[in-house]
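After this come two complexes, each holding chain A, first together with chain B and then together with chain C.
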Partner chain A sequence: MAEVRYFAAAADAAGRDSERLEVATAGELRLHLIAAYGDAMARVLRSGAFLIDGVVSRDDAAPIGARVDVLPPFAGG
Partner chain B sequence: MGDRSLGLIDERPLDRAALEAFVRSSADGAVVVFEGVIRDHDHGEGVSALDYSAHPEALGFLERICGQLAEETGLRVAAAHRVGALVVGDVALIAAVAAPHRTEAFTACAELVQRIKTGVPIWKRQHLASGATEWVGL
Partner chain C sequence: MVVDPDSPRFARQRILGGFGPAAQRRLTEAHVVVVGAGGLGSALLPALAAAGVGELTIVDDDTVDASNLHRQTLFTPSDVGRPKVDAAADALARIAPDTVVHARHERFAPGATFDLLLDADLLADGTDNRPTRYLANDAAAIRGIPLVWGSALRYSGQVGVAWDERGVDFRDLLPEDPDADGGDTCEIEGVLPTVCAVIGAMMASEVIKLLTGVGEPLLGRVAAYDALTGTTREIAYRRDPQAPRPGSLEERTALREPDPGRAVTAEQLAKLLAGPTTAGVHETPPVLLDVRERPEASFASLPGSVLIPLGELPGRLDELDPDAPIVVYCHHGVRSARGLEVLERAGFTRARHLTGGIEAWSVLVDPAVPRY
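Up next is the complex of A and B:
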């Protein structure tokens, strides 16, 4: 089980800040999130990314370990 | 992060003088300081306020960006990003670079701002004059 943390628009889309999910790869997580949370999450993921082991990743093949963060597109500045 | 770069994330108003003082040296003839300021409009709509939030590791991202640019350019680099509830006129970002000559200072400061905007996990929710709110960048 991976701890999935949601931030900003991703937390709004999921209606929660975190949950535990059984997912092996980023691609699997992406499919799960879109199925579970619909268009709002699909919009976040379209230009967003995952943070896996401290690295921002857009690679669906990336394996997921103990924790993954769902990051909407950055909007600093 | 070495002694040539500085990154800060703060809920309090940013200290421009401290960033300028950090990058200045007697070898530098140019100091460029960029301020990103909350404006009262976006995509044709009135904006009243912005809520900024940062990932818990955002500071590490910002520090790495400042450190890498300092290493690449050999210049002193500092940046501070504010988070929390900001209103029109508040300063959200300060980026400062000092260089012997102006061209390299302008170029490095522009590059610094660009890397911060694309590389630091910070988000903002915009409050529109209409009363609606929206996440910027979605």
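Up next is the complex of A and C:
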């Protein structure tokens, strides 16, 4: 089980700050999140990033570690 | 120097433990370039001037709009229509008349604006668009100075320090997406004004800490503030040693042109698949090689594809004809580039890969292919 944390627009889309999920790869996580949270999450993931145990990954084959941070493209000023 | 570090204005910060007259002197000797005189700049700029930073350059090509005034508290209703940098310079002159302020009414861009950094000690970016964030990141990296960045949108904001020389920059947190649009901005999305005040003030804290050497900068850490819950969470990150590093500023800021010998665009692929009857196309339609994982392929794929996940590709090359035209594809064009390298090393001569992946295909060719 990985701890998945959501930030900013990703937290808005998920309606929560974090949860524990059983997923093996970044690609699986991406599909799970879109199935669970729909278009709003799909938009976030299109230009956001996964930090897997603190290292950024856009490779869907990347294995999931203990923690994933789901980041939208931080914007606005 | 113009700002007097011994001025009674700074008495209450000089007596701080770990600060003292030496830190104050560093502030008065410092030159900080601030990109963006909007909501974040409205909190950041007066804080830096009031704290005694000796020289400030403000870069912004925008003018003050009435809809800015709820959060851009450096401006007053009588400033509406004026360049933000001029209105900001006037406001700072009232707060800190001895701070030297350069107002540059222009967009932060390669060329003359970058030259502003030649004698800058630090760059701060509070703009609301991503292209400027990457430019600021790369310009600071080339100059070897730290970048303090901040973002504020809706009810939340983030602040961090990018300092390539010290091991992490903004690209280690969010890699640039060449297909991205300009991104959300407060113009259309809305922002709680106090989020700008919080994040702008946190940016000012980071600037002061970096200039004086006090405390631990937000290096490799992002402070993410959520006004709705009143909480701040920390996002720790580090550089992936395997990730390609951009080189010169030209390389970093150049538009990516795919190599035509090794890549095809979605539109080109659509023509190739239509076959030799299409005007100007005389090639056999290529074999489509999908190197994604099985759940992705069952969610969305191009008709007639051969699925061999990237990890299995080296062991299953005998299923492919090395002389046939092949177009490798994946989700965004990253795994397919690796797959292409696998094929090329094995002697495949007519293999290419799809730029932007199936995502580009959905956007540019066939919206019926679902995006994920």
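The rule we apply is simple: the second predicted complex is superposed on the first by the 75 of 77 C-alpha atoms of A that agree within 3 Å, B and C clash if a C-alpha of one lies under 4 Å from a C-alpha of the other, contacts with A are read in each partner's own complex, and residues count from 1 in each chain.
One rule holds in what follows: contacts are C-beta pairs under 8 Å (C-beta built on N, C-alpha and C of every residue); 3 or more make two chains touch, one makes a residue touch a chain.
Here the structure is a predicted model, which means the values were calculated and not measured.
Enquirer: For the three-chain model obtained by superposing on chain A, do chain B and chain C clash or fit?
Expert: clash
Enquirer: Name the contact category of A:G77: first (chain B only), second (chain C only), both, or neither.
Expert: both
Enquirer: So, A:A9: does it touch chain B (first), chain C (second), both, or neither?
Expert: Both chain B and chain C are touched by A:A9.
Enquirer: Check the residue A:D69 against both partner chains and state whether it touches chain B (first), chain C (second), both, or neither.
Expert: It touches chain B and chain C both.
Enquirer: Counting touched residues of chain A, say whether chain B or chain C comes out ahead.
Expert: C
Enquirer: In the superposed arrangement, does A:G54 touch chain B (first), chain C (second), both or neither?
Expert: both
Enquirer: By the touch definition at the top of the document, which applies to A:V44: first (chain B), second (chain C), both, or neither?
Expert: A:V44: touches chain B, not chain C.
Enquirer: For the superposed three-chain arrangement, which chain C stretch in 8-16, 80-88, 206-214 or 278-286 runs into chain B?
Expert: 206-214
Enquirer: Touching chain B and also chain C: which chain A residues?
Expert: 7-9, 12, 47, 51, 54, 56, 69, 71, 73-77
Enquirer: Quick check on the complex: what are the chain B residues that touch chain A?
Expert: It is residues 36, 52-53, 55, 57, 81, 92-93, 113, 116-125, 135-138 of chain B that touch chain A.
Enquirer: Would you mind writing out the residues of chain C in touch with chain A in their complex?
Expert: 36, 38-41, 126-130, 150-154, 156-158, 172-175, 177, 179-180, 183-186, 189, 191, 196, 224, 226, 229, 233, 235-240, 243, 292-293, 295-296, 299, 309-311, 330-332, 334-335, 359, 371-372
Enquirer: Inside the complex, what are the residues of chain A that reach chain C?
Expert: 5, 7-9, 11-12, 17, 25, 27-28, 30-31, 34, 42, 45-49, 51, 54-61, 69, 71, 73-77
Enquirer: Considering only the defined contacts, which chain A positions touch chain B in the complex?
Expert: 7-9, 12, 43-44, 47, 51, 54, 56, 69, 71-77
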